[in-house]
Every structure is written in structure tokens, then in C-alpha cells.
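Note that the chains are named A, B, C, D, E, F and G in the order they appear, and that numbering of residues resets to 1 at the start of each chain.
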């Protein structure tokens, strides 16, 4: 009897808490999408912003976001994958791996504002790259590097030792083993890592603002400054420029994140089914 | 063939070292910019000074630390039970399909840019606290007053933001509890609740703790959402409805207008933030390794 | 880095303006107008704040750094050229529901230094005053505290900003406006150029916060909008500056701010 | 067959996973204080079957059972049957040793505590008694409060058996209890079984035919969800009736 | 395909040697009687010598069976078959011993004139030899009916033995000079009778190996 | 602790029954001679009847050994021991048969006056009985030296048998009236001689079970 | 022992993991076209030993070997010895079937491709030949381009053997190749071994003594890093010399 009551209380409270989680999610998404989706239209998507975004669309911002994200991912992916391969395949027995790994872990924990400070001090000023896609992209690349390394490493770790042994025992070299067996079998994991990195890059505000600037115009080169959707949203929200554009931008961001998540899930589940 | 492999191997090593170089560079640049003032002003005065007014040459960041900690603590108080409960429900109670939907919803939470949360907090939560929560509080403490820009608002938004971290890591560590433990417990005649409370949660303990610490790290490091909703008042708070300024918020906000010394001071704040995060990371790593050691 | 190569059709190149968020909207408007005439010139407008603007100019990462406050003496020493492109009044704003309409400079000082904490002390309702200020280093704040004597020189002769610690701090003009508009019993200050009917601007010493009054020197709380440069101006930058200071440019300035010519 | 009382009486048991029928018309008797071994190739239903005896199959979604499983004359699939009590009386030991990540002591008292035993002395007594029953007392008495996961595989499995004994079951179900152990640890568990059967009824699923031969009194041969032959173990191994059984036993199957 | 080719291969080798041993034993019986009948001492000596081969075969088969059991761990039918072989070879080796014993009598009778013509003894021996052959054939061919027939024919052999015995006792009582030979012939007949017994034992093993028990009586119905 | 208590337990049961069978066989030998000597027909009949018990014991032990092998899958020493037991019980059963045969002669001699006093035959029988006992003891006690001694003593038995044989042939030649009895005593002596042979075979099994081969000759050095 | 040529000659082999000595003074001969089984309790060094034969132990850190391992008269631990070539000649099959997550076809041609074979017809031929060798051709010929992971455990293991044969090794090392399989799949692999030994030299580590008995020609008993006894399998199982061997064989060990 007492057990019954205890169980009731237990299930009741965890149910309620989980329900709260659901409610907060639904209310945030619902509220923003409800107020924002209506304002997303062709004009909003394809026109350049006017008068600080009060009028017009966010076309240049979307393009800026895409280019910046793409650039950072293009920089970070090969480095991240290679680093992950190093940690899982080459690190054994090398004493200096400990510090390297430690620093990577540190990198993952650094708040984005610090990346921003660093990017500003290093790329923008020290290297004289100014506020530019280059500065922002490189800063973001460093920022998403740990995410990529971690995701790739996790998926490399799921490649059973037995694959490596199988390949080596057939007389394959280590590099052949990596390129022909290990990487193909964890490609979906790497892809998931990239998508997560993309998500993080798209969502980042503080670091981007300090390194890529907040120029509203369409960028024409990598040395141009640009404004990402998150920065734009922040500006719109904090300046109180236009509530409807703010909602529309927020909604668009949510929708993009939704698409990215769905893609990531699709890849992961396909991967799981395959293995 | 061999030479080619050697070259590739070297390249891979270089890539691995890049993160180290980054950290070193970050550290160097931040410390280079922040250390002088920290030294001149005095570390103790800097950390324990209660007056943050850089224009006046006062660089006491205790109010900022207090602000950060109070918001973070609030976020944990709200977020941890919700997160763990969700993790339990996800991994132990909900049937597969429903769990998948719930899970992807939570992953979505993780993907939403923090500015969106800040915006939501600013537009919904802050007024709501002022108009709905304050009157309720005033029933108990008649003198209470708030603008809505508060620890409480920040804590709620941060709680939601750290939920995905807590849920996904806790869930993973709960899922990593071997099915055999569940079976063993049930086979001994324990019911599901007893199994969860007495076996599964203790077994996943270190993972859950790690998730909390990582969530805490995220809360401490969060910037934009916090600027929008905590009021940025560099004052040691007296209650959850008070406004506070945080370390990150102050850096982001003041960086733009700061003159040289002020900017150094902000870098110095960055150093302190950096240290706090490092400390948390170390704790998280130790507890994560503890998990591995146990299994 | 701005590069300019004259072509047959006119100017080319890029001009980077960075700095004060107060100046930013104006710069945007001016840039649009300029680029309509010179389609081959790109003008990049960055926010960041007056500090960023000064630093950008010092470090030569922008053609122009913008500032919404006067330079401090030590800053002046590091900047080669300083151009006043506009003037701006700083309006003291209340939430629209507030019944107070007029405050003296001293009352404003008392309120912002935390000496007066209730609206009834200045003729309003019995409600605590919520002060909304800008962040440390803000040009608007600098101008405001200096003129209202919230900031006073201490015995050693250094200026001390005595803004109450109980002030909410918002990082931009817009944020102050939004906060004041939506929060009862607040008082804040924003650029006159940013005024709209979501907030209520009060008279200071009986004078309305209007551009005309600023221009006439009747409204006391005002500050200059500066473009700073530490390099030799590129042709495009020079052209842009010339455009701003031209009648055409100043007409645009006049829409929200106070022209200098 | 022998003058032994019956513990389980299974009658026309059918079990479905969704639309797949995993057990087909199983009739079986499990005798008190005997070891009954279930053998058969992978996927033959032996593991599924053993899990019907303490209703561990309840945990899996979409499982449906028809027919009778009587434990001490009571139908355990009756709606009002107390599953918790059933599992108390019918303990289970699994393929992989699965001590909880707690101390040795806490592992053993887990069951008694769940069932309401709080007296520290009593718990201490239970720990000593059960550890002695599984011949582990001497090996671990000085480290009762050390983590159970520090034990070797074979010790862990004996600990799991002790943990199971601590709730005073009547029956112990074992699902390939030694398949994760090496021959030496295996033979220790086997000797243990021979002692435990004095007090308990044991049902064991095993892949290892030699093991079934060595330890069991009765053996059932499962194939494709059916029981093809049940008899005394010595008969099954020396002179089985069913041709398929003989083929399986002699390694000529499939 | 059989799942245990190695096992089947080893068993085939054992059965082959078993048949070889059987053939040798069968020959030994026939030749022992031939040498007796024809007073062929050389042949008798050869039989005595060759018994060693039979003994060696027994050891070899036994060794193979043990190794087979150690390595292949036969169960059920395979196990019963192996055990039956172990038992049979012991009997067959004994048959060989009996032939040796008979041959020893042949040598002792070498220089004597037989007191009577040997008719029944060779007939009996021939029957016994056939029984041995049939019993092995029944085992290797898993032929229960044949086993049953062999088992039955043991009664005939016993009948002949009794007749020979009576006849010889009669002779001895009548003529003391014939005592020694008669006694010997009696012993020889007894040896043959025992050989037939062993053959029936082998048949029993056939039944056991196939059926798992010794119910020879029930076979008739087959 | 032994790691296989169940196996050891089962083996102990088998060895117990083996000893029981041995005891019964030993008794059978002694009693058969006793009944012969004392013309105790009732005892002789009992021996004939009781042979069934020995036969049943053989079946029971054989069955247990097969099941033991099927279940416990003995290897190495355990395997050799089990196989030895299987072989021994067949020999012991034959010893029982020989006792039965002796008793049958006792019954046939029931109404006759013995032509001579029985001295050597009982002595020989006593030796054979002891050999059977010792051989089993050597097996169960793993006593190689004892086995060797038993094996050696077979020569003595053979010696006695030859003496008896010569003596009886003598008697028969001298007095035809004594033929029938003499033939019978010869057969009886032959049976006993064979019993002793079986005992030596059992000893060989002891050596095999312990050593893995039959090198009886090397034992002496032990 | 028998008139067979030797493939491996191991002389005073010692192996250390850091300061722990895993193999102590191993002397052994492995005969061509024979199956040599390595048995012994967990941790006895048998798995470690088999991995010295194709230098798979190189993968583990801190491993140091002393002594001689001669393969076809050449010391494989000599500095200039070509490990890749050694592994080509000395194939290995592992405890758990480990086909790559590729198609059946791709799994088998992996080795040949790595070693430079590009001719499609030749590869096709190799696939067919090796799959026939492992008696898998009939079962999979219609699904060569389906994922190998869709096969059953036993089929996967045979595929792994085929994959190993595709590089035309002389020796096949097998580290408990059936311990993850059920008895039916196990007996198929065992029959396969009996056929493969006609062409290859096989060394197999097994926990399953019965298996060692069934399939091998020679058996070595390992204990605590030492080889206590090596002999023909029939001798080891019927009449071992070493008392420890006998105890282990008869299940009385420890």
C-alpha cells in the first residue's frame, strides 16, 4: 500500500516535470512560430534589408549566414576529422597526447564570448583581417572544432577494434585500414558531427558579432564583413527595431534548425539501421 | 608507400595539434590583454571588489560573479530535476516511438540559437514575471518589487537552454546502464520504481553529475540570452527577482564602448570566466572518467 | 582595408565605418544615399559601440570609427582626425503611463545617482523609480552623465560616474527604449533621433527635447556624432565624408538629428 | 518418471512476439529439487521459455502468451497473480554476471531491502549465509564493502547467485549462466549447482551440451519453438528417442 | 553432408579394423579345425603364432576407440557403438585364444591316430565360424534380424556340443585307451561351444548399439 | 575441493557396485568349490541361481558407465578408468559363468563317490578367488604392486592346473570307471584356471587405467 | 613426432606487457598442414601467443618480445622483416565474426585489392573460389552485393575465413573462432577446418576443450604463460603426461 503511494508520487512528479519540459518547448516554439511564420514571405526571403532591417527582407543576412557557416565548416571539417583520427588511431602510446586531448577538451568548454574576444584580438586586429567572413569563419571554425572532433571520435570509437584487426591481419597498412574500412564505416557519424557544427555556427551570436561584424549588406568577398541571422535577430530584439521582423527572423532560424535536426536524425537512424 | 604514409601521418598530427595551438593562442591573447590590469589592480581586489564601474576605475567583479552564479544556480535548481525526470521518462518509461518524438523535441531545443531564447525571455518572460509572478510574491513579501529583468527570468531561460545537455547526457548514461541490471532487479522482485531509484540512477550517477556540470558550464558561458533578460545591474543581488549582471553579459555589452583600460578589464573578466569554466571542465572530466572506471 | 581605383564611371572601393550604435542608423541612411549615387562603392556599417569606433580608428581597421561622445583627452592624442558629422540631443524618457512631465537637471541627477527613489518626490505617483541606464563606456551615457553632473570630478580631479548601482543597464539605445516603454515607473535616456511614441520624453528644465531646441542651445543634454580617422582618407572615404558634410548629406542628418552645417 | 513432486506444470503454452510464434504448444513438468536443463540450437525458444517462468517476458512489448503455466498449482498468468511475489519465489541468474555497481554487501541485501527488510543484523546474517551457500564467503569476507565489480567473472556470477538466494527463492532460473565464463569458473559454478539443488529447484538454459549432461537431472530439447523430447538427462545423452535430438546431441545437426 | 566428417572417418577406420579382426578370427577358427582334422602341425603352429596378430589388433582397436572417445566425445548412438566395439574386441580376442588352445591340442595329437573320424566337431566349428562372421556383419550392417538369427543358432551349437560330449564319454567309458583323446576332443568341442557363445554376445552388442538395450527377444517380431 | 563432485560421486557409486560384484564373484568361486567338496547340491543350485545377480550387476554397472560417459564425458584418467571398468565387468561376469558351470558339475556329481580327495582343486580355487579379490583391490586402490603380484601368481595357478591335469589323465588311463569324474574334474580345474586368467586380465586393466598402457613387465621395478 | 615439415619454429619466446611477463620461454613447433590447438585457462597466454605469430601484438603498446619465432626458417621479429607480407601469408580469424560493413563481395576482395589486384574478373574468380572453399557459395551466390552484416553469425565467420583465404595465406590463425557461435554453426566451422587443413596450416586457440579434441592434430596446454605440454591431441586427451594438463582436461582444475 505504501509502495503504491510512493510509486504514484514518483511517477506523478517525474511525469509532471517532463510535461513541463514539453510545455516550455511547445510554448517557445509555438509562440515564436505563431507570431513569426506569417511574416515570412517571398519578399522577406529575397529582399535586402532596409533601414537597419526595419524594412525589406533579410536576403543578405541569409546569404551571409550561409557563406560564413559553409566557410567555417569547410575549414573545420578536415582538421576535425584528421584530429579525431589522430586521437583514436595514432595516439596510443604517445605521451604528449594527453595534453593535446586535454586542450581539445578545454576548447569544447570555452564560452563563445571568449572565442569572440580572441577572434577580435587575434584575427581582426593582430592579423589585420578586420571584421570579415574570414575572421568570423576562422573563429567559428575553431569554435566548432571540438564538436566535430568529438562527434567524429565518438563515431570512430564505435568502429569495432575487430575491423582494424581484420584489416591489418589481411596485410593492409594502417592508412589503408583507416581510409578503406574505418572512415567509410563511420561516415554517417562524421556527417552528423558536421551538421552539429553547422547548427552551432548558425546559432552563434556573440563570437560572430565581435569577429565578422554586423554589416547588413551583401558580402562580395571573404574580406567583407557580414551579419548572420543570429546577430541580426539579436540586433532586432535588443534595439526593438521591428517586432514582426524579429519574430520572422526567429521563426526562420527555428525552421532552419528543425531542418538540420531532421537531416541529422535521418542520417543517424539510417546509420543505426545499417549496422 | 611508406614515405607517403609517413607524410599523411604527420599531417594528421598537425591537425590534432591545431586545437592545442588554438587554446594556447586564446589563452595567450586573452591573458596578454587581461593580465596587466589584473596585476595592477590586484587579483584579490579584482575578484572580491564589489564595485564594477570601469569608467570610474573600479573593477570589482564580485557582483558579476554573484550574478553569474545566482543565475546559474537558479538554472540548475529549475533545470536539473526537469532534465533528470525527462531523461528517466525517455529511457525507462516512454515506449520507443513516443520517446523518439520527445527526444527529437529536446534535441531541437538544443539547436535553437540562444538569441531566440533571449528574445522569447525578453518579450514574454520578463513582462510575465512583472505582471503575474510579482503580485503573487507580494502577497508574501509586500515590499517586493521587480521590473521582470531578474535572476528568475534568466534562470528559467537558462534552465531551458541547459535541458538538452542534461537530458541527453543523463539519458545516454542511463541507457548505458546494462539491461542486465534492470533484469536482475526485476527478477529479484523489485518493481520498476525501485529499479529506477535504487539501481539505475545510482549506476548512472557519474554520468548524471557530469551532465549537470556540463549544463552548468553552458549556463555560465551563455551570453546573449542573458544580456537580454537579466537587467545587467552590476550589484550583488538580494533575491531571485533582483536584476543582475553576469560575467559574459558584461563582456559582450561593454566591449564595444570600452576604452583601453576598460577593455583590459573585460579581458580580465574573460580570464576569470576562463578559469571557472576550466575548473568545471576538470570536474566534469573527472566524474566522467569515474563513470568509465566503474564499468 | 579600403582600396580605391578610379574608373571611368567614377569611384570604386570599400569604406568601412564602425562604432557607436547611436550613430549607426544615421550612417546606414547616409551610406544608402551615397551608394545610390556611387554604385561601385561599398560602404560597410558596423556596430559595436563608441569604444569599438575609437579603437577601430586607432588600429586603422576601419576608414572611419564612429563615436557618439566626445573623446577623452588621452584618446584625442591617438586620433589624427576628428569630424563632427551631426549633433544629437539626449532625451530623458519615461514609460508612457507616467504622469511626470518635467524634471530639472538636478532632479535628474538626484534620480540617476539614487538620491531620489520615488516618483512622489518629484510630483509623480507613489511608486519606486526604476532607473534604466546604458552600459559602462557608452557614448550616450558618457554625454548624459557629464551634462547632468551625474558624473563629477572628485577631489583628485578625476571624473567619477555616480550612476546608481540600482540601475538596469541596457546595451543599446533601442534596448533602453524598449525597456522603458514596457516597464512601469522607469526612467531612461535615449538619443532624440530615436524618439517615438512608445516612450514619453519629458521637458528638462522646462524645455522640450526637440532638435530645434538642441540646435538653439536651449535643450542642455546633447552630444556630437563623430567620425574618427587615423589614416589618410581614400578617395572613396573622402568622397563619403564630403557627401555627409554636403547639404544633401546634412538634409538626411536633419531627418532625425541635428545638422552641423 | 520419478517419485518427485512438481514445481512447474506447463500446459499447451504458446507465446507470440507480435505475429511471430516463439513457443508452440509447450507441455512440460519441472520437478522440485531437480535440475532441468533446456538445450537446443539458437533461436529454438529455450531462453524465451525460461523467461515465461518468472514472467520476465512481460518486459518485452507485444508479447502474448496462451496456455497454462502453473507454479505450485497456481496459474501465474492469471490476471490477479502477484508477479512481484512470483519473482521473489522464482529467482533468475543471467548469461552475463550482472552485479549492480554497488558493494558486495549492497548487492546481496538489495532484494531483502526491496522486500522490506531493514534490520542491519538480519541483513548481515543473510549476506554471510548466502555467500557461504555459494562458496564465496571465504574469498570475499574481508572485502564485503568493496565494489562487486572488482570480482572476477566467476566470482561475480556466484555473487549474482547469492543475491538471488538472498530473497529465499524456491526456484532458480539460469539463462546460460556460464557462457561468459572460462572453463575453470564454469566448473566451479557447476559444482555449486550440484549443491544448490538440495534446496532449490533449478532450471538452466545452456548452449553447452556437455554442461547439460554434467549437471542436470532432466533435459528438454527445444527446436523451432517446440519441445521435441524431455527425459532424464542420462537417457537423452545415451539413448534419446527422437532422431533430431540424437542428431543435435551427436553434433550432426543441420 | 555429415556435420562431423572427421568423426565418421575415424569410426570407419575402427570398423574396418574390426572387420579385419573378425576375418582373422574366423580364419583362425576354420584353420584350427582344418589343422586338427588334417593333423597339420605347421598350420597349428602358425595359428598359435598368429594369435599375436589378433591380440595386437585388439590393442590397436581398443586404443583407437579410447582416442576416439577422448577426441570426439561420442554421445548417444555413437557412444553405444564405441562401447560395444570395446566389448566385442575383448570377446574376439578370447575367440582367438580358444583357437590357439585348440591348436595346442592339435600339436599334442600330432602323432596319434584319431580314435574316430572328426565330423561333428568340424561341423560345429564351421557353424561357430559363420556365427562369428554373421555377428560382425550384423553389427557393421546394423542388421538386427541377422543378429537375431545368429543368436538363435547358438542353440544348435549347444545341441551338437551335448551330442559330442555324450558320444565321447561313451567312448571313454568303453575304452580307456581312448580316454586321453576323448578328453581332448571334449575340450576342443567345449572351446568351440564357447566361441559360439562369444558370437552370440557380439550379436547382443549389435542390438545394444542400435537399440540401446539388450531385448533380443523382441527382435523376432521385426 | 574437487571441481567435479557429481562426477566423483557417480564414479564412487560405480566403484562400489564393482566391489560388490567382485565380492559376489569371489564368494561364488569359494562357494562353488565348497559345494563341490561337500556335495552340497542346495548350495550349488543357489550359486546357479545367484549368477543372475552377478549378470544383473554387470548390466547395471555397464549401464551406469555408459550414462556416466554420456553425462560426464570423462577424459584422460577418468576415461581410461571407465573403459577399464567396462572391460572388467565383462570378465567378472564370465567368472560368474564359470562358477555356474562348476556348480553344474557339482550337481552332476551329486550321487557319486569322489574318486579322490579334493585337495589341489580347492587350493587352486582359493588362489583364484584371492586373485580376483586382489585384482579388484589393486584397481580400486590404484595399487600397481598388488596388480603385479596377482599377475605373477597366475603362473602358480597354471602350475597347479597342469599337475591336476596330469594326475587326472593318469587316473583315467588307469581306471576307466574314473573317466567320467576325471573329465569333470579336469573341466572344473580348467574353469578355475580360466578364472585366474580373468583375474590377471583385471590386473592389466589396473595398470592400463593408471598408466595408460599395459606394460606389466615394467611394474616390478616400482 | 611425425614426419611432417614445420611451418613455425618458436624458440625461447618471452613476451612482456610492460613489466608483466605474459609468455615465458615458449618452445613450440607448428607443423605444416596440421591443426594445432592451444588450450588453457583464461589468461594463460594462449591468445597472446597466437598473436605473436603474425605480429598482431605489435598493435599493443609496451609489448616486448625476446626469443625466436621462425616462419619458413625466417625470424619474423628481425628488424627488416616485412610485417605486411607476413600477415599476407599468415591470415587470422577472430573470436567474433568481424566482416567489414561492406557487401559480401567487397569483404572478400578487400585483401586482394589492398595488395594491388584490380582486375574485376580476377576478383570475381577469387570471390567464387574462396566462398566455395568455405562452403558458403551456394548460400550467398545470389546476394554477393548485399551487406555482409545481414548474414547469420556462423555465415559471417565463414565469410571471414573466406576473406582470409582470398589473400592466399599459408597459415590461418584462429582465436576462438567459434566462441560466439551456437553449436550448430560451430560444428559447421569445425567440419570446414577439417577440409581446410588439406591446404593450410591452422593454429587455433580454443576455450572449448572438446573442440580442441575434435579438430586438432596437436594440442598445446598453456598455463600461466608457459607451455606445460604439447603432444598429439589424442595423447593429450587420453593420456597426458603432465598432472596439470590432466586436471585441466578432466575439469578438475583450480
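As a convention for this text, contacts are C-beta pairs under 8 Å (C-beta built on N, C-alpha and C of every residue); 3 or more make two chains touch, one makes a residue touch a chain.
Treat the numbers as computed from the prediction; the structure is a model and nothing was measured.
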| item | value |
| --- | --- |
| Lowest number of touching-chain links that must be crossed from subunit A to subunit F | 2 |
| Shared chain contacts [subunit B and subunit G, defined touch] | A, D |
| Gap in Å, rounded to a whole number, between the CA centres of subunit E and subunit B | 94 |
| Chain centre separation (subunit A, subunit D; CA means) in Å | 50 |
| Subunit B and subunit C, separation of their C-alpha mean positions in angstrom | 35 |
| Per-residue multi-chain contacts in subunit A, two or more chains | 173, 209, 238 |
| Shared-contact residues (touching 2 or more other chains) in subunit C | 21, 47-48, 170-171, 175, 178 |
| Residues of subunit E whose C-beta touches two or more other chains | 2-4, 7, 66, 69-70, 73, 75-76, 79-80 |
| Pairs of chains found to touch, sorted by chain label | A-B, A-C, A-G, B-C, B-D, D-E, D-F, D-G, E-F, E-G, F-G |
| Subunit D partner contacts - residues on subunit E that touch it in the complex | 2-4, 7, 73-80, 212-213 |
| Residues of subunit B defined as touching subunit D within the complex | 95, 178, 180-191, 194, 198-199, 202-203, 294-295 |
| Residues of subunit G touching subunit A in the complex | 54, 56, 59, 61-62, 84-85, 87-88, 91-92, 94, 96, 98-102, 110-111, 114-115, 147, 149, 160, 163-164, 167, 173 |
| List of subunit B residues in touch with subunit A within their complex | 1, 4-5, 8-9, 11-13, 15-20, 22-26, 29-30, 33, 81-83, 85-86, 88-90, 93, 102, 104-109, 111-120, 122-124, 160, 163, 167, 191, 193, 197, 217, 220-224, 227-228, 248, 251-252, 255, 266-267, 270, 273-274, 277-278, 280-281, 284-285 |
| Residues on subunit G engaged by subunit D in the complex (per definition of touch) | 41-42, 153, 182-185, 187-188, 207, 209-210, 248, 251-254 |
